[in-house]
Amino acid sequence: MNWKPKLGLLITLVLIVSVLSPIALASEPVTDLDVAPGVPRHETLILENPEGRIADPGRFNRWAPGGGDSTGLQQLALDTLWYIDPDAGIDGPWNNSLAEAPPVYNEDYTQMTAKLREGIYWSDGVEFTADDVLFTVETLMANPTMEFGAQLQLNVEKVYKTDDYTVVFDLKQPNSRFHAIFTVRWSACFIMPKHIWETVEDPIAFDFNDPLVSVGPYVIKDYDPNGYWFLWERREDWERTSLGMQFGMPQPKYALYTAPGPSDKRVIAQSNHELDVIHDASPEGMITLLKRNPTSIGWFEGFPWAHPDPTLPSVFLNNEKYPLNMKDVRWALTLAMDIVNISMASTNGAATLSAIHLPPTGGYLEWYFDPIEDWLREYSIEVDGELFHPYDPTASLRVAEVARKQLGDQVPTDVTEIKKSLGYGWWKHDPDVAEKLLLRNGFTRDRRGKWLLPNGDPWKISILCDAQARPLMARIATMIAEQWTKFGIDAQAEASELSIIDTRVRYGDYEVSIGWCIETWGGHPDLFWFLESWHSDYYRPSGEPAVNKNPMRFRNEELDGIIEAIKARDFDDPECIGLGIEYLKICVENMPIIPIMAYNVFSVCDEYYWEGFPTAKNPYTNPVANWANTKYMFPMIRPKQQK
Amino acid sequence: MRGFLRVVADLYRSDPRCRFAFTAISIVIMFALMSFVSPQDPGSSYYAPPNQPPSVAHPFGTNSRGQDMFWFLTFAVRNSLVFGVITAILSRIIAISIGLIAGYKGGIIDRIMMVINDSFVVLPVLPLLILINFIIREQMSILQLAMVIAAFGWAWDARLIRSQVLSLKEREFTYTSVFSGTKTSSILISEHLPFVMPIVLSTTINNLLWAIGMEVTLAVLGLSNIGIPTIGTTIYWANQHQALISGVWWWIAAPVAISVLLFVALYLLVVGLGAYLDPRTRLQRMKGVLSDERA
Amino acid sequence: MSRNQPLLDIHNITKLYSVGGWLSRNKIAAVADVSLSMLAEEPEILTLAGESGSGKTTLARMVLRLVEPTLGRILYKGRDITSIRTRKEQIEFMQDIQPIFQNPFEAFNPLKKLESYLFETAKNYDSRENGSIEDRIESALNLVGLSMREIRGRYPHELSGGQLQRVSVARALIASPSLLVADEPVSMIDASLRMSIVNLFKDLKDRHNVSIIYITHDLATAYYISDRIAIMQRGHIVEIGPVKKVLAEPFHPYTRLLRESILEPNSETAWDEEITLSTIETKEFARQGCKFANRCDSRLPICEETEPPLSFVDGREVKCWLYGVQGKHDTAS
Amino acid sequence: MSVLRIQNLQAYYQSTLYGVTRNVKAVDGVSLDLRANEIYGIAGESSCGKTSLIKVVFGAIKPPLTIIGGRVLYQINDRDFDITQTNDETLRQMRWKQVSYILQGSMSLLNPVRRVRKTFWDFTKAHEPVIEPEKFEATTREHLNRLGLPAEVLDSYPHQLSGGMKQRVAIALATIFQPKVILADEPTTALDVVVQRGVLQLLRRIQQETKNTLVIVTHDMGIHANIADRVGIMYAGRIVEEGTVKHIFSEPRHPYTKHLIQSLPKIGDKSKRQSIPGAPPNLADPPAGCRFHPRCPYAKPICSVQTPELSPIQDERRVACFLLTKENAHVS
Amino acid sequence: MGKSFLTYVIQRIAQCLLVVIIGITITFLIPRFSPTDPVEAVVNRAMMMGQFSHPDAVEMMKDALTKLYGLDGTLGQQYVRFWRGLLSGDLGPSLSSFPKPVMSLIRGSLPWTGALLLTTAIIAWVTGNMLGALAGYYADKRWSHVLSIIAMSLHPIPYYIMAFVLLVLLAYVIPVFPLGGAVAIGLKPGFNWIYISSILRHAFLPALSLVLVGIGGWFVGMRALVTNIVSEDYVTYAEYAGVPNRTIMYQYVMKNALLPQITGLAMQLGLIFNGALITEYVFNYPGLGYLAYSAIFAGDYSLIMGVAVFSIIGVSLAVLLVDLAYPLFDPRVKHQ
């Protein structure tokens, strides 16, 4: 009985069949020519939605929690009065979108008037008018849990129209920056279609899904009931939108926002030409892509490729916590950091450094970095009777040098180019001076060289960072921990989740954390946007939630004066820049947080199906896919002929 | 101790599986111990040229953080091992106590214990671990993580042990001990424990594997203490630097290969040791008379 | 019968078990309404005999408190043994009643040294005589014909079955019990060694005043050592009385069957008539009337319906309608 | 006419366990001659090698059990073969059809999760691959009927049967093809007296009906006395005495046999009986010479040096003892 | 007769209920100690807009949200409210996707997780046991050793790595399978070959990774069981009787060894989340695991609870069913 070979045969057969059958299924090509039935690949732009899977994909109510923001919704379907581009913009950073002109304030900033564009239509054919704006404001004011609701309630005394295209806001108190609510930087308060929403009983519960009426150039065509992808189709009447009206036809007939999964997969997907715009790759992913896929491009043509977001990752120091409440200690910690290594560890050197408390992006180099450079070079602190100049104007050059060892010629050699892409300078790595600063404040070292606090306790620091959603922060924190440890502080990176970090930081339940509380318009020099909450009026001690951007609990009388002065001036008043420079000097002096670099986003675009993506050479907008501003990409890119 | 060494020697000599297992385990342990003489601190980085493939100077290559993978892994393997072993021991203590007591006492105690036990069996462990991690991760040491994971890793094994004890307590030698006036606790420990040892051993390996797997899972999701080098955080960092697709395969391959080697060795050891400890073969060995020859 | 307090007094005990599978379940009485007593001043060896499933082991286990009776009482020296709660009471009880198990290889943990059992026992029970622990162990071993020299450092497998069973007895004796409950103590012992153990039991009774409940299906050894014998069938004692009377001239048809089934080691007496075997045991448990009726050659119509009473006949008690008078009641004390 | 001749068979358990090599001399020079139409009893205590002997005779030789020497010759249907030399396929064909085996431990012989009918089917099918279900059912029922077993057992699972019934099913399984030789190893151990008698009477009836050879191996002398025609007494791997059942029980000659028979209690006889002193030897390290000599009250110096041969002392009677063999009689 | 069975069933169900209640209570309590707070999460998100929000506005928002989410009141009150809702089949609204009912979120993901994991669990179980049984039955053969080593080596490979290596190999180096998702974009659900083949093609890599890692455990367990059973008397007896090896292997060895593995399979369902979460993460598979994962990050108590409740009830039910059905597999089992 020869059953043994038979059984073996049977099992082998089963295994072969089970392996082969799906491969046979796979004979259907993977890189389909069509993205979806009837949606040709070459007419589609595929972008990454960094939010990942959207739990409730059918919810398009952008004004209340739930659903996704960056699914194309805020980029392609919604619109508001004004946009400020973080970069140069197509015709300047300021764009009047639904508004026809910039906001007009009265003398004492208690009234703002917005003039709307005519000829804009909702995708269902209803005209967009002042009624929509009024309705939006009133609805939100009636529902403080909706985004901007509480804020509008606090600001707006009355809103009314003088005609169908003019909206007037009477404000409760003077506010020269009220228009910011309706000005997109990353996002803003978008306008609702009144004719859809007015019948809705509970605006919070409303999904805004049947139909999703768009005022942007695209309408939703289909979406994954499981929230992984959203497919948009260009409106037939695209020219009746502010984008089409101003800049012509958006080129892709379709736009697909997808969540491609872990970062490795984004790289694979783009190599397979299945993802045109990666929101943010890791630096290594970027390098790999450039090696593997000749059509992939970054913001800069060469190193450091990444787009510097107008946000400033910094080392938050809780200014209330001993010993961080001492200026010398904060400075000592700064001088104990070696920016070259931090840059290498976090981004392989592809970081745009900033020694001062503003992100080195957009117009800021010109507005703030150039004017203050000389002052920085001269700036000194007194240590043991000697003057020490802490500024190191060559920091970015040194980074470039180290990076060149690894990446070769891709790293620029031209100083101007380096300054533009890698930043100007940073603070010196000078542990000796740092040591002196500590010693003079009563710190001592134990036998093993570890620092002891003036009260004799060992000095321990744990650096709160996000290892999950923003690995860059973890990489920075780990490197700083390593450097501080070498310096003699018992430092450790403490990874946690974004929601926990945010809450802890807001409540002051931390000593050191990596994050950002300084962010700017990028395309506009106004600082009031983030600086307002640094005013000591809004100071909240640890234990109470910090107001917006002052989690480090910093207050300074001189700064209060500057903030008040900015507030009293117009948004576009050039004097604001001078005041801003004074703000920078105060910060350098006190070092409330240690600035590190711009948030460099490794947005990678694939010029396989499309070309003309925004780059540093042609900086008409920001390629970072989740920004509402990326809508400007659509009329500017061009299909590329495939061989 | 001498007895232990004899057992090891016996197994080593007679069983090729065990010979391989001992060798491999010794290598892994030696490797882990080398962390104590490591010239490199696992907390420092960029001391070596990054992304170097394995070579004489760097047997496991270097990673993108400029760390020598050989020396880095000595720490990672040591910590993962320590973590796994602590978890396994703690959860064994729970599983053995619950299993022995529930099985021996029976009745209402058994019922209550088994309801609790089953409740733990049906819990969705990973989401809960993630949550607990949220609550107490801050600076969670290896020991604390081990305690948390151990708290979820005993239930199924306790059931296995209990079912064995259910039959053991009906064995005559149990009654002999009872009538010798022996206390319940020592009956459980000195009479029943040796019999459940083979099963304890094999569940220990599974538990160890499960625990280290859990740690890797948490780390991959960015949920562990990234400051401590472990197999999990090694993979975390490799992922952050996209080692798999940027060609730095040794960053992932080295820890995976070590854990595969370790576990294959542990399995083989358990098979060999299980046979050795199994009361049946143990008797055969000691008596030299084959059991089928007894009427 | 002496009106002195009995050593062991079993009153109408019953043990019910549930049997059956998924869809059917019955309660069967492993031991049904059994009464029995042993006297204190006059040590005896009482044999419980019967086929497997007759309830003899369950009965013994109830006496040992390893199984709790469903109904009825067991008094040991006048004390209801179910009232034992504390460890102290338990120890006192066990010091008086000790078990000997069937399989000496099973009675000791194969992974433990034998002496540990002896030390453990000696340690846990107070000596009734003076002497160190060592001495008490040595004298118990001497009683069974062994000495510490032969035991020290040995594991169970290193001894023969006979030796092990002696150790088992010695261990029990360390507690100086008044009653030994021996469940098939020689069935696993080789024939060439068996009698030494049997003789040992006899000796213990004769010379050391230990009463023994001896459970066996081997009627030959039962005859050899015991004073009284109780034949059990399907939970009932069907015949009880002096061993010489019961086995020499069995009354109950079941006892007769048992007696006839014995394979005498003598080719002259080889049997030749065939017997009927019961096929389904649980049916026999569940049947009304006499449990033996379906196998009985001399069954009467009444046997099918009504359970026979225990009748006192010719120095023994028999539970059979052939001897019973209707309406006559249980005569067991 | 002999059906089975065992010639100077030596079978050892050769094992190397954790570095210790052992030779357990389970069967050490056994010669037997079994005839058609007889019940041959092999008596011996635990670990005397009787099970190993039966295994070798059945050809169930798996490591560590190893044949060291000797032959096991079957003469069935005019075919001769030595089971120690036969290939697997012949062995498989021969088994159950010609020789079957009832294993010790009836309680676990049946697959607990398989209905008895299926087991019968498997066993039948193994040797009659083309049998049809109807025919199988009919023959099986007839077979059971012949053995006095209810056909309902076919629908049962093993656990639903009593111990005695299981053993009878095992016997029925072993006899479906009416083999010429049936080897039964402790077929009634762990059964009650009454059941035991029933099972033995079944075995005897089968033997009487088919006139085959039944080999019963058991330590229970009562069984031999009651059903065997001839009995071989085995001690420590060797046959020490062989004779008709009558002779063995009425006049045992070997000191071991004598003691064994005399130590058995009998109902109606309360006279004192004694066990044989000492214990059977460990077969891994048996004593030199006659293996019984350390326990033998009649041992002479030669007994510890030379091994006595199993020699005929009268018709149908063979004994291995220097006290009885003529050529050594003078040595005393 | 049937009555006693009924009593048993009732007892067993009561025990199952108790297990469910304890399990759910544990799962209810743990997130309450979590520092993630759904209200704070929404507030943080609002802050992300970069806009200045007045502290009073934030406070207003927080109070309103707390009420809206039903997070006001003591732990006890929340617990009672939770059970009241659960018993009426309502798990409440999701907090991170407010006001979407948790039930409807789960409804969307459950079929995917269920189908993928059940199928792979069964495939892994069958293949693992099959190969394990063969390897155990022919323990002396060379191929048996090789198979064992392979199975044992697969077992310790982390899910993530296994999944990713397969992905890189079969979706990148040799791009025959899609990178992720459950079905091709834009395909309308329907009972047609295109849709079904798309599902199969998308499920292949996730399934393969789960199966490969899952096989090892069953293999090792089965092999050990078989090695024990092979020495059972009834196997020897059947071998002696010349029953063909194949019959012995399947009917005598494997069938018996499978019994403990059946309970194992039911219990295994409890481990579903480990594999599922990572698999879904790597392959963008729209299942419950990833849903739970994001719920945790959003501090979405009600969604966490929802997924946990489903998991606990699912596993308990599976174990209960296996327990009740066990006598069908094993005729010896008596319910007591």
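As written, the chains take the letters A, B, C, D and E, and residue 1 is the first residue of each chain.
Assume contacts are C-beta pairs under 8 Å (C-beta built on N, C-alpha and C of every residue); 3 or more make two chains touch, one makes a residue touch a chain.
Model, not experiment: these values are computed from the prediction.
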Handout entry: Smallest number of contact steps required from chain A to reach chain C
Key = 2
Problem - Chain whose average C-alpha position is farthest from chain C's own - result: A
Practice task
Name the chain whose C-alpha centroid is farthest from the C-alpha centroid of chain D.
Solution key: A
Handout entry: Chains most often in contact, by C-beta pairs
Key = A-E
Problem - Chain centre separation in whole Å, for chain D relative to chain B (CA means) - result: 49
Problem - Euclidean distance of C-alpha centroids - chain D vs chain E, Å - result: 55
Problem - Where chain B and chain E are represented by their mean Cα positions, the distance between them in whole Å - result: 23
Handout entry: Interface hub residues of chain D, defined as touching at least two other chains
Key = 45-46, 219
Practice task
Provide the list of chain C residues touching at least two other chains, using ranges where the numbers run on.
Solution key: 190
Completion exercise
For chain E, residue numbers touching 2 or more other chains are 35-36, 164, 168, 172, 244, 281, 331
Exercise for the section: Could you please specify the touching residues of chain C with respect to chain D in the complex? Expected result: 51-53, 160-163, 190-196, 198-199, 217-221, 223-224, 247-248, 257-259, 261-271, 274-281
Problem - chain B partner contacts - residues on chain E that touch it in the complex - result: 15, 18-20, 22-23, 26-27, 30-31, 33-36, 149, 152-153, 155-161, 164-165, 168, 172, 217, 220, 224, 267, 270-274, 277-278, 281, 289, 292-293, 296, 304, 307-308, 311-312, 315-316, 319
Practice task
Would you tell me which residues of chain B are touching chain A in their complex?
Solution key: 43-46, 50, 64-65, 134, 137-139, 221-227, 236, 239-247
Handout entry: chain A partner contacts - residues on chain E that touch it in the complex
Key = 35-37, 40-42, 44-47, 49-58, 60-61, 64-65, 68, 94, 96-100, 105, 108-109, 112, 123, 130-131, 134, 164, 167-168, 171-172, 175-182, 184-187, 197, 200-201, 204, 244-246, 249, 281-284, 286, 290-291, 294-295, 297-299, 303
Problem - Contacting residues of chain E [partner chain D, same complex] - result: 232-234, 236-238, 240-244, 247, 251-252, 255-256, 259, 329-332
